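Shared between the two complexes below is chain A, which has chain B as its partner in the first and chain C in the second.
Up next, the complex of A and B:
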């Protein structure tokens, strides 16, 4: 920038040209150059090629904010599946492995005793060292005992 | 592209921004509409810089190819003219230099050194062109951008990459020269 670049503010009103001058400038400086149709076509052809190359397939994009909820959901799903697939632990008295201790478990033990043979030690429910009818009674007693809320 | 097709494209009422957004999505008809909208201006500008129709057409093609390479992902932050102007100018200068290198005699070089604005030597019919041609290149450029291309002062500053104050001073000086010159002072009443 030199000294000439400084224009006093009062001179800004002189930055407009009279309409006649503007029209004459346009007439003298604007020259219509004929553009051959072949050039138009060449440019448009290049445009088609370039824009097609850059055209992105119209695919759905997940919004970024969904990443964390999706991760949390995924973790929860994995935990649930692991829980479902994990081997279940049953209480000793739940002989038929139906998730509850009831009279059916005492029937199951009675049936095993009736069939005879050696029975596993874990069936010694009352802990007296032998598996016998007392264990059947112990399970039956437990099955019919009232819970804390006085319900069977 | 015939005249009828031109007029059809020029009827596209979408703004430059809308057309550019469409181009970013791969719409080549949007480019066609923009091309029709700015082709003549760009060609005329290129001719002003090169003084040669053939070179102006080369510049036209290179300008729009340069523009196309910006896609996809082009963002228009100002008027499209202010984006295209430096491209046309720089490509014109390069084209002129290249043409000059191909000239074999000093006489031919001298012809190219003349400013592209037609400086008719015949009588007073083109006094204005002569006076404009006598301006320095930077003053002439601002004057023509303002009154021929219709850019406002801010757009000129952006297109030329110079401060607004510099645009004002150059325009002021150019108009002062025209106002004082006996061949053009009649325009100022």
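Up next, the complex of A and C:
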């Protein structure tokens, strides 16, 4: 190592502040600065708040872009719940209210007819003015009809 | 005279061979069974289809149990097609209803080709005498 590297340049070797400046600096160190207690307290309060913020645990924060998809999902969920809770509409032939017209609906009407008693007019499926075996057959025919809806 | 004989021979030949059915057409009878176990079977609905060979349904008849002896309900449009939904019910008392494996129908089909047809059968509904859905299975097989 070259020893000359640590030696400051000649212009900096004999630096000395002017006497007036040195005296002023010494005087300022002795002078007391008055800080009002309210200001002191305010500074302390701000410092404490800053420190508290710094100590907060690093929790996961949702990104902002997720807001809209979450909102849409919420709306869909509400719509689904409303749909599920709404009173269901059944077609006239769906006598057992299971959501489909099959032989069990026809069977249900046949049993009702066999047991006798008055049957509601809406069971007049074929519209001939009476509820009878022809309505049973009409429901059965609908149950076995080949259409795109009843493919298994 | 020879010309007339030749024409007559041709006409006879055409008429005889024209009436011969195609050699690869087969008529088959498929028995359909529903097994409701120990529960008396009062109603059923199932779908039968053949997908792997050209098929035409040509007839549907009832089953062996007394209450299902009549042909089941089916869509007349299924005739000449390869798929049919059949269904039947009986309002008889449970004592009159069959339980266990019961032949409920026989479906007659006409297939073309030598490939053995594969039958698809799906039971859509089965019920007891009160109309309550019951667990059951459906199988089918070609009559020997």
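Rule of thumb we're sticking to: the second predicted complex is superposed on the first by the 88 of 152 C-alpha atoms of A that agree within 3 Å, B and C clash if a C-alpha of one lies under 4 Å from a C-alpha of the other, contacts with A are read in each partner's own complex, and residues count from 1 in each chain.
By our rule, a residue touches a chain if its C-beta (ideal position, glycine included) is under 8 Å from a C-beta of that chain, and two chains touch if they have at least 3 such contacts.
Quantities reported herein were computed from a predicted structural model and do not represent experimental measurements.
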Which of the two partners, first being chain B and second being chain C, lies in contact with A:121: first, second, both, or neither?
-> neither
Which of the two partners, first being chain B and second being chain C, lies in contact with A:102: first, second, both, or neither?
-> second
Given the superposition on chain A, which partner contacts more residues in chain A: chain B or chain C?
-> B
Please indicate which partner A:40 is in contact with in the superposed arrangement: first for chain B, second for chain C, both, or neither.
-> first
Of the partners chain B and chain C, which touch A:84 in the superposed model: first, second, both, neither?
-> neither
After lining up the shared chain so the two structures overlap, which partner does A:48 touch, if you call chain B first and chain C second: first, second, both or neither?
-> first
Who does A:22 touch here: chain B (first), chain C (second), both, or neither?
-> first
Touching residues (chain side chain A, partner chain C) in the complex = 96, 102-104, 106-108, 110-111, 114, 137, 140-141, 143-146, 150-152
What residues of chain A sit close enough to touch chain B in their complex?
-> 1, 4-7, 11-12, 14-15, 17-18, 20-22, 24-26, 28-37, 39-44, 46-48, 50-52, 54-56
Of all residues in chain B, which touch chain A in the complex?
-> 1-2, 23, 25-28, 31-32, 35, 39-40, 43-44, 46-48, 53, 56-57, 60-61, 64-65, 68-69, 71-73, 117-118, 126, 128-129, 132, 143-144, 146-148, 153, 163, 165-166, 168-173, 175-176, 178, 184, 187-189
Which positions of chain C touch chain A when the two form their complex?
-> 42-45, 47, 73-75, 77-78, 81, 83-89, 91, 122, 124-125, 127, 131, 133
